[in-house]
Amino acid sequence: MKTLVYIDHFKGEVQPASWEAIGVARNWGTVQAVILGASGEKLVKQAYEYGADEVFFCDDSNLDDYRADLFASTLGALATAQSPDVILFPTTTRGRELAAILAVDLNSGVLADVTALELEGTLLVATRPIYEGKLFEKVVCLGRPQIATLRPRAFPRPSRDESRNGSAIRIEKQGESAVQVEGYAVSESRVSLTDAGVIVAGGRGVTNNPAMAGADEATIARKGFELIGELASVLGGAVGASRAVVDAGYIPYSHQVGQTGKTVAPDLYIACGISGAIQHISGIRGAKLVVAINKDPEAPIFKVARYGVVGDLFQVVPALTEAFRKRLSK
Amino acid sequence: MKIVTCIKQVPDTEAKISLENGKVQWGDSPLVINPFDEYAVEAALQQKDKHGATVVAICIGPDSAREALKHALAMGADEAILISDAALENLDAQGAAQVLAAAIRKIGDADLVIFGRQSIDSGTGLTPAQIARRLGWPLLSLAGSIELNNGRVRVERVIEEGRQIVSAALPAVLSVVQSIGEPRYPSFMGIRRASRATIPTWSLADLGISAPTPLVEQRAMFAPPSREQPCEFIQGETVTEIAEKLVEKILAEKVL
Amino acid sequence: MDFSLSPEHQMVQKMVREFAQKEVAPVIREYDRKQEPIPWVLQRMGELGLLGISFPVRYGGQGMDYLSLGLACEELEAVDSTLRVVMSVHVGLCGLTLLQWGTEEQKRRFLTPLAKGEKIGCGAFSEPGMGSDVAAMRTTARREGDFYILNGEKMWISLASKADFALVTARTNPAAARPSEGLSTFLVDLHSEGITRGDLHGKMGMRAGSTGWIHFRDVRVPLENRIGEEGEGFKITMSAFDHGRYTVAAGATGVIRAALEASTRYARERVAFGKPIAEHQLIQQKIAAMLTDYEIARLLYWQVGWLKNLGRRCTRETSIAKKFATEAAFRAANEAIQVHGAYGYMDEYDMERHLRNIRATIIYEGSSEIQTLIQAGYALGMRQDKPLRCEPPAYDAEEWTKPA
């Protein structure tokens, strides 16, 4: 079976889910990768390292900036020439819409935002979330080639063989774009609590650090929230707080999670030094995965957490930050 | 100027979704306009406020979907059209794009078509791009801001890395994200107009197309495993070991 | 008899609920603690058309009916009473009374800016020395040429310090055979010379609201600002109370609902003696009572809304609705606190604020005791409604939605 994988990047910075897609395709047969845009040249070798058998590359200056119509036409021409059985994209802002447009051009369907895949012969059976993950469906593509976008981090990062290499098979751009790119801007980095997919929250435990004996509570709390903030930052999430620390003035009310603070529904909620009083618990009812760190093994928060660490947040939180940093890096 | 907004009716986000006899249930929760589509209607109304326009809301759905269209009218849309046909019951994203494209062509003279980024039920997020391709119009997706000037539209696309600023000549297809602005409440006059409005229904025959061929088929649905599990305590010799184990567990849950 | 709400009414409910829950609920605790009104709330309610909800479009209103007004009040007070108080005094006491008793000219000049939310109105009837005993009011209005000269003090006036206009009843004829016949009502510009006003602090509840006093010293009020004839003041004041009282009944219903929802939610989560307290019968008893009271209060005010739409005098029904809803709301808030246990005593949860708020409604807009006397009067035939020179305005969908 032959799979074409779109390597998604922005000015040479790859979206790591692209490698995950190669990893999946490696299990099925031949893997072709395609990289569009001159800035992606250094990714050609990496694609081979992750397991691609052939890497197509277009450095036409018209593709320096992403434009959906042009990228899709170019991909479409390649797909028509190469006739892959499957085309994989990472589910990114670019990957999703390119898959969509390709499906129209090739008269096929898209298995969008897939979290698990099985193969029945050459048929992909994809699992994907619906109703915001409250349910899942198994779907198959009736058109050919089968097109799918893979949810980032749903599939493992494949092993990397730095001795592997190959040439960049140059392809031409196809079609024109009706869109002009005028420039780029930085986004505001603050994540709002109610929208956050990840929340790292601190409770009374932030004032309890034996290693800082002698310091006043406010100073200890400040350090605690600094550590929490770093973890939140690495995870691209927001910082939350229990009522106790908001009332004590260690963090503004806008961060309060719970009864009269905000009700949140993140995918991941990490409660640090929070005992788990009922009003806080009711505020995190919607969280998909709750992880708790607390010194007290009897703390009520552990009754609603899926994973727990009985320990000192001043030690565990920085260790987690470091571990995530290593694991999530490209 | 004419702006078409495509909306969908979905179960309320607060609804407890479950499976019963292979059918999705949402209990007593109401069906509402897809929250992301409210932003699309808001974006259309912002342009209407600025430049003057007729805003037409369209929706594929059963008769109950009129409620979602009424909400759009109450917000300030000028017209609403329901596309309904027995043959459209199990429409996939590709099929929806075909049908909506036909409807937009039938409405005629649209300058802008605006979508929310995805629906909360199927959540494929494919429709805006597919409609743009079918109509042969430029796609400016994930717009956080919209500017119209002299027959051109300029948009700031909200992407992973920040914002990409793009422009194209009208007519164009847009999808919007939340930073476009909080959707306005229905006004009382809007509520009145909406409750009295006649919303025409277009069938496939009215659109002059036959039922789209399915391109994606659903084999099964299932509920995620129950989370009534006791807390798993992560142990280890060192804090680093514990942290690394925990990270693996969290990643395995695919919540990041 | 159709007891369901039309799609239009459901949309009104939803819209007001969203505004109150999304914009006010997150900040109300803070302002209640500070004892300060939310600075943007009047403007926002004006922007959303709430301040003109049940006035004809040609007078700057939104052209919705009286039931919509009631529904809006229920949704507003479910978040905080101070939101509904704005409706009660601006729309109820002031605006609807103008609609009922004002001349065409007065409606055009005074009602229109009020309905548009450009000006804020309130009702000023009570004084330091009288509340229930309306006929005993002491503020005077002495006729002098083309003006009336107002002297006196009004107290317990919601929005006193925020409003632009007040509907004021004062004594124009001290020598009248019956004191109630010596009163007249005026629309007073609160920016006039001779007016001082201030806020009262230290209230048990409604702390995010503005309640105050207005002092009149030789305030000149033009003749055109007199509403109705001299001597009609008592009747006009009673009409004003009917309008205000309706909004209080509707609003209090919202508090019963808030108590019911909060108690249900908490009872399902809180565990005691091995099970959620929702499974303990004494908790169930409280919640059942809240449910029943909610249904009753709601039907009562819906009926008043329906009667008002028909233009029928409904002092009797309004009185019953107000007394029932306010007393039931107080019971419900009190029991809701009990359901929440110690947490109910904290302002972390809403019920203690609702209890402090709702206590006032048993006192104002006609105390429960006054309502009892009114109802006994009707029941025993000792009280009979006589036709009014200006009957309550019926709702007419076509008339009220005709453009200006």
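Per-chain residue numbering starts at 1, and chain names A, B and C are given in the order in which the chains are listed.
Basically, a contact is a pair of C-beta atoms (placed from the backbone, for glycine too) under 8 Å apart; a residue touches a chain by one contact, two chains touch by 3 or more.
The shown structure was predicted, so the numbers you read here are calculated from the model rather than taken from an experiment.
Visitor: Please identify the chain with the largest separation between its CA centroid and the CA centroid of chain C.
Guide: It is A whose centre lies farthest from that of chain C.
Visitor: Which chains touch each other through the most C-beta pairs?
Guide: A-B
Visitor: Distance-wise, how many Å sit between the C-alpha centres of chain B and chain C, to the nearest whole number?
Guide: Distance between chain centres, rounded to whole Å: 41 Å.
Visitor: Counting in whole Å, what is the centre-to-centre distance of chain A and chain C, each centre being its mean C-alpha position?
Guide: 52
Visitor: I'd like to verify one number: the distance from the centre of chain A to the centre of chain B, where each centre is the average of its C-alpha atoms, in whole angstrom.
Guide: About 22 Å, centre to centre.
Visitor: In chain C, which residues are in touch with two or more of the other chains?
Guide: none
Visitor: Residue numbers in chain A touching 2 or more other chains?
Guide: Residues of chain A touching two or more partner chains: there are none.
Visitor: Quick one: which bits of chain A touch chain B in the complex? Just the residue numbers, please.
Guide: 10-11, 13, 15, 65-69, 72, 92-94, 96-101, 103-105, 107-113, 115, 125, 129-143, 151, 153-154, 177-187, 195, 197-198, 235, 267-268, 288-289, 291-292, 297, 302-303, 305-311, 315-316, 319-320, 322-324, 327-328
Visitor: Where on chain C is chain A touching in the complex?
Guide: Listed in rising order, the residues of chain C that touch chain A are 26, 29-30, 265, 269-270, 343, 348-350.
Visitor: Give the list of chain B residues in touch with chain C in this complex.
Guide: Interface residues on the chain B side: 67, 70-71, 74, 185-189, 191-192, 194-195.
Visitor: Can you list the residues on chain A that touch chain C in the complex?
Guide: Listed in rising order, the residues of chain A that touch chain C are 243, 253, 259-260, 262, 278-279, 281-282.
Visitor: So in the complex, the part of chain B that touches chain A is made up of which residues?
Guide: 11, 13, 17, 19, 24, 92-94, 97, 120-130, 132-134, 137-142, 154, 156-169, 178, 213-224, 227, 229, 231-234, 239-240, 242-244, 246-251, 253-256
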